[in-house]
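Labels run A, B, C, D, E and F following the written order; every chain starts at residue 1.
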Amino acid sequence: MNDVIKQYIVEKEPYYHSVTDEVALYEAAYSVRMPMMLKGPTGCGKTRFVEYMAWKLQKPLITVACNEDMTASDLVGRFLLDANGTRWQDGPLALAARYGAICYLDEVVEARQDTTVVIHPLTDNRRVLPLEKKGELINAHPDFQLVISYNPGYQSLMKDLKQSTKQRFGALDFNYPSHDIETEIVTHEGGVSADIADKLVSIAERARNLKGHGLDEGISTRMLVYGASLIAKGVDPKDACRVTLVRPITDDPDMRDALDAAVTTFF
Amino acid sequence: MNDVIKQYIVEKEPYYHSVTDEVALYEAAYSVRMPMMLKGPTGCGKTRFVEYMAWKLQKPLITVACNEDMTASDLVGRFLLDANGTRWQDGPLALAARYGAICYLDEVVEARQDTTVVIHPLTDNRRVLPLEKKGELINAHPDFQLVISYNPGYQSLMKDLKQSTKQRFGALDFNYPSHDIETEIVTHEGGVSADIADKLVSIAERARNLKGHGLDEGISTRMLVYGASLIAKGVDPKDACRVTLVRPITDDPDMRDALDAAVTTFF
Amino acid sequence: MNDVIKQYIVEKEPYYHSVTDEVALYEAAYSVRMPMMLKGPTGCGKTRFVEYMAWKLQKPLITVACNEDMTASDLVGRFLLDANGTRWQDGPLALAARYGAICYLDEVVEARQDTTVVIHPLTDNRRVLPLEKKGELINAHPDFQLVISYNPGYQSLMKDLKQSTKQRFGALDFNYPSHDIETEIVTHEGGVSADIADKLVSIAERARNLKGHGLDEGISTRMLVYGASLIAKGVDPKDACRVTLVRPITDDPDMRDALDAAVTTFF
Amino acid sequence: MNDVIKQYIVEKEPYYHSVTDEVALYEAAYSVRMPMMLKGPTGCGKTRFVEYMAWKLQKPLITVACNEDMTASDLVGRFLLDANGTRWQDGPLALAARYGAICYLDEVVEARQDTTVVIHPLTDNRRVLPLEKKGELINAHPDFQLVISYNPGYQSLMKDLKQSTKQRFGALDFNYPSHDIETEIVTHEGGVSADIADKLVSIAERARNLKGHGLDEGISTRMLVYGASLIAKGVDPKDACRVTLVRPITDDPDMRDALDAAVTTFF
Amino acid sequence: MNDVIKQYIVEKEPYYHSVTDEVALYEAAYSVRMPMMLKGPTGCGKTRFVEYMAWKLQKPLITVACNEDMTASDLVGRFLLDANGTRWQDGPLALAARYGAICYLDEVVEARQDTTVVIHPLTDNRRVLPLEKKGELINAHPDFQLVISYNPGYQSLMKDLKQSTKQRFGALDFNYPSHDIETEIVTHEGGVSADIADKLVSIAERARNLKGHGLDEGISTRMLVYGASLIAKGVDPKDACRVTLVRPITDDPDMRDALDAAVTTFF
Amino acid sequence: MNDVIKQYIVEKEPYYHSVTDEVALYEAAYSVRMPMMLKGPTGCGKTRFVEYMAWKLQKPLITVACNEDMTASDLVGRFLLDANGTRWQDGPLALAARYGAICYLDEVVEARQDTTVVIHPLTDNRRVLPLEKKGELINAHPDFQLVISYNPGYQSLMKDLKQSTKQRFGALDFNYPSHDIETEIVTHEGGVSADIADKLVSIAERARNLKGHGLDEGISTRMLVYGASLIAKGVDPKDACRVTLVRPITDDPDMRDALDAAVTTFF
């Protein structure tokens, strides 16, 4: 395996707690190299899942955090000026296609529609990537697969994937884990007792009911792990919850009171 | 034939199932090198058709996925910095015009109107491409032909081809194939029995009736092939349909229920 | 004559059928080097006319398809990086001014107003072109003339020529030719009998009456030549008309029916 | 005098017919190097006037046609890449300030407000031009003067000079010349008899009354000279007027009829 | 420690007066390297706090004043042209991640959402920074921590952090200090007697009550220090207050009168 | 003193007529290096004042005319390509900070908010300027001071300084001088008798009363000096006033009549 691509191998098994049949479905999709779309809210574990699958399948994983300024060149590659003139440098997508990695485009809806168009020839039966500036046509490596993540709550008139893009992907739904699984995750990741973790998950569940009623997003599993790790460092649980669960997601005084009240109910 | 252009030859006959007289009409158009416009919805086989024709006519095919950021230089070419100063590099359109390929501009309506203007001198009786930056005037190779694809459903006030562009093309309409032909395609491409394929096509037909009533686009033939290939891998048909036919195209709960119901009717 | 400019000589007499006194008027305008504006709808022969005049006057013709992204540098020229540093390269306008060509800016209204400003000093009595980046002032060659085309139907609040630009040009109106002349053109260019050509022209005339009543533009002479050439290749006239006259200009079902009906009236 | 600046000397006396005391006022303004603003409609002779004054004062004249895309660098200068690294090249404003030319910014209101800001330090008592990119401060040559032109009819909410710019200039109003003076100009410049010139001026006067009642601008002196020169070449006066006076400024059928009627009244 | 990073060590203890338990909470957060968000109004001491903590923890501090034009490259790094071709130069974020500094993004809400996306992989359990242009993946140094500041009063529909960004941070609230603490700060920093400082703080408190009633922001501690230092230089207190407390924050005559009245109440 | 910075020394005492205690207040502010904001209408002497103070304090003065296109690099510096690769060139702000000049940002409100952010670290107690692209942190020279000018009349929803910027400055108000002082200035600067100057000032005072009633700005002291200098050259006073006081600031016929009437009242 090429040296450049080797650094993208996930060496250690990432901690991932399966929720339903998503691992089996993904394996079937990968076996036919179907491009996949992971849908779900912020911080519910989509990125962790794709890392886990890359580790399980023993394929390198190249992750790209998409953004509005990303150009096609940022994905595909560009010429760099060198002592001997120009030298081509593969972008992450070309690298993945050439050497057979899983390429994960995180929050793909942030990218401009036109940037996402460059993935089209890689997602139909051609599985090619034209490097137009270099005049080369990459035939994707047999191991290559494309995965994108997508937060449906972000959809707006301005930012949504085109139908002609969506139709190129199979889709898996993600959501926050069930109470027991989430408690187990917070215990394991945050280094606290199951009792503390249970209380943190309960607080989160109350906050998630407020989504759409003054909160844009609920409290994510990641935030609970943050809270737990402060508690594990000896910070008072109420202070830890204030700093990691309440203050980051709202500046509205009423909403803060509601969330602070939920915290004091449990601690 | 030039080495650069050789890589664009379609080596293997692409699987294409003719729908009506489109093959004969295209051959006549090509015989007078008339620029052609392929119209139709996402995933109904336009790209496959042009690949098939390129194979049948034994002409190289250069495909460009159009997008809003594509500049005229991306089509025509640019100077690259080299150890010995600058070196001209033909863009895909110049390459096709110079060596006699079919140049296929996919989803041309995504390109800015001004980018599409560069094709004008290639689409009237002059058949020339001025490389203004290089000060060269390419007289198109006798084999050169320009083909564009166009999804009428995308038309909006902001994005449509100019009349002065449209009038330079003959046009062929494409649509989803008839029930029997589509069943045959899904059987062949997805590796499932005719019975399974028949059911998948029936589900698609129900979804296509919802287009404009909550769905932006119907389920395409490509999606059916995706679903079939998961089933062929042993995934439960209902799961396969959920992952490949329903979740990718809608996040609306009612629409999901309607589509899931259509799935359970057949599986 | 300079080698670069020689390739812009129109070698062969272009087929052009004069409509009224436009050839004589243009010759008088050229004799005083008056900048000219050719007005008229898409595909009615403006480009062909200027090619014919260039051939008749035996002057090189440099054509520029204008677009929104065209910068002043695209017209005037720029420095290119070279093995020995930078080298100036004349743009098409500078080339024409320096060596005495007719410079034809096609669809000038597509260019940004500010780009069109660079033609001002060439269109008053100074007849100079300042190459500000090079620090040179080109005094236009005595043979130089500037011609622009302009489709009045495109005018909008956003895109129109400035008065201070319009007033620098004499103007000639163009329109579709009369029935007999257009029949002759279609016969000659499309390779069909006068009878077929006559029917095609009649169809076009019906469609032109629909302009502004559901059609943005009528069927142009160029489209008729396309239709004729398919018929000459043995395509059924109704199919040929569908592909070349109807499908390219409208996706509206009612308008398609109306045009198809016009076709079946004659074929 | 520097070689670069020498090419901007106006060698031959430009034909200019004084209207009132504008020559004397300009001479007084120049004697104190007051920056001047020439106001008036398109084609009434502002550019000719400044050429005449430059010739009369025997100072070089550097004219810049302003536009929206003009950056400060286009006025001030930039570094160019060279065989020996970068080389500074003065822009037209720096050239004029350094060697003592009159710098004429034509249609300055077209430039972005921020570009016009670079002229501020040259228009107050400091008379300096900071070349920030080069780290040089040019002290303007004693002969340097800045002149701008300005068409009040163009003012809009979006495009107007800032008060802090306007207050840096003395202002001279220009308008179309009186009947007799304009007749003399058309006779002289257009090469026709005084009788023909008189008729042309009369047509223009009728059109100018329509300004604001369907016409954006009246017929300018420059257009009359165009019409006269076609007549002098033997073109029928009615045809010449149609091509040079009517068609260039309006596409409105009623307005065309009104102007054509004015033409037939006199010819 | 690397030479480049050494210059970012805070050598001298910054004067910082603790308000509540923010120092202990920050230390706990740093011990688990939790990314932190400091919230509060302009000039209340957020920047001073992070400098103090960097000094206390003896970690280098790299501060970036965020703005709308900041690109991902400004944070991450870019290739520079060199005598030997291109050379990579780490941006402030890459520098901090590579050598273990605290990276402080001041007024992060000013940056475009897409720029802030580059911090995502540094703020979840991966703690990596992909340098896509260089093809390198930086694993953050164990000492690295990310801190951002955020003024909730600035939130608008256009400019706010995305939920998926906010949820990656613990949050600490800041506000103006209590009367006694602020008096102590002004005495210490402004070099005036406690009595003068007390009066200045009292003026500020009156002004802060006007926030939202004609004033966008109250008078900050920093402004009081400015006022004190003018008084310490012998300027009349009323003049000093006018110049440093009133004129900078409002041009509204009524508001000026109200603030001037508050000044004369105390001096 | 460095050679580059030496050219920014104000050699000759600028003519400045003090209005109130602004000179003493500025000296006190400079003694603590407080950043200063000069507020007032166009042409009332803000630029002259800062030149005078720079001369009085014997510090170099670097003036930057701010504009919308000014990037942070224009203030801070950039890499230039050189025979030996790239070379860093300090921008005006870096130059001033490094060598101890007064840096005067004229009409700072014209700059984009994000450009103004680069001045923040220079205006709090850190007094540093991070050159992020160069990886250098400039500690400001002890003599360095930042001064900005600001025309409150220009404030709009789109263009205003951020509160977090305003609060970093002490502020001095400027306005047109009193009748006697302004007469003295016009006499001195314009080279006319006190009687003439008195009349010019009286005209200006009438015009200033029209501000907000049809005039955007009043007649400034600078314009009176212009008028005086034409009169001193022998131009008729009424003509001089027309050219320098009336025509530059209004195109409205009624307003012109009102101002012309004011002129004839005195001359």
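We take it that a contact is a pair of C-beta atoms (placed from the backbone, for glycine too) under 8 Å apart; a residue touches a chain by one contact, two chains touch by 3 or more.
Just so we're on the same page, UniProt names per chain: A, B, C, D, E, F = Nitric oxide reductase NorQ protein.
Computed from a predicted model, the values in this text were never measured in an experiment.
> Which chains, if any, touch subunit D and subunit E both?
Common contact partners of subunit D and subunit E, which must touch each of the two, are F.
> Looking only at residue numbers at the subunit A/subunit B interface, is the share used by both copies over half or under half? Answer same or different.
different
> Relative to subunit B, which chain has the most distant C-alpha mean position?
F
> Can you report the angle of the rotation that maps subunit A onto subunit D, using C-alpha atoms only, to the nearest 5 degrees?
Resulting rotation angle: about 180 degrees.
> Averaged over CA atoms, how far is the centre of subunit C from the centre of subunit F? Could you give it in whole Å?
Whole-Å distance between the two chain centres: 52.
> Could you put a whole-Å number on the gap between the CA centroids of subunit A and subunit E?
Distance between chain centres: 30 Å.
> Could you tell me which residues belong to subunit F and also touch two or more other chains?
In subunit F, the residues touching two or more other chains are 81, 84.
> Among line, ring, star, complete and other, which one matches the pattern of chain touches?
Topology of touching chains reads as a ring, each chain with two neighbours.
> Could you give the sequence of chains met when travelling the ring from subunit D by way of subunit F?
Ring order, starting at subunit D and heading to subunit F first: D, F, E, A, B, C.
> Quick one: which bits of subunit C touch subunit D in the complex? Just the residue numbers, please.
Residues 21, 25, 28-29, 31-32, 34, 37, 39, 71-72, 79, 81, 84-86, 112-115, 117-118, 120-121, 124-126, 130, 132-133, 135, 137, 152, 155, 163-164, 166-173 of subunit C touch subunit D in their complex.
> Across the complex, what residues on subunit F touch subunit D?
Interface residues on subunit F, with respect to subunit D: 4, 7-8, 42-43, 47-48, 51, 63-70, 74, 78, 80-84, 89-92, 95, 106-107, 110, 151, 189, 216-217, 220, 222-223, 226, 229-230, 233-235, 239, 243-244, 247-249, 251.
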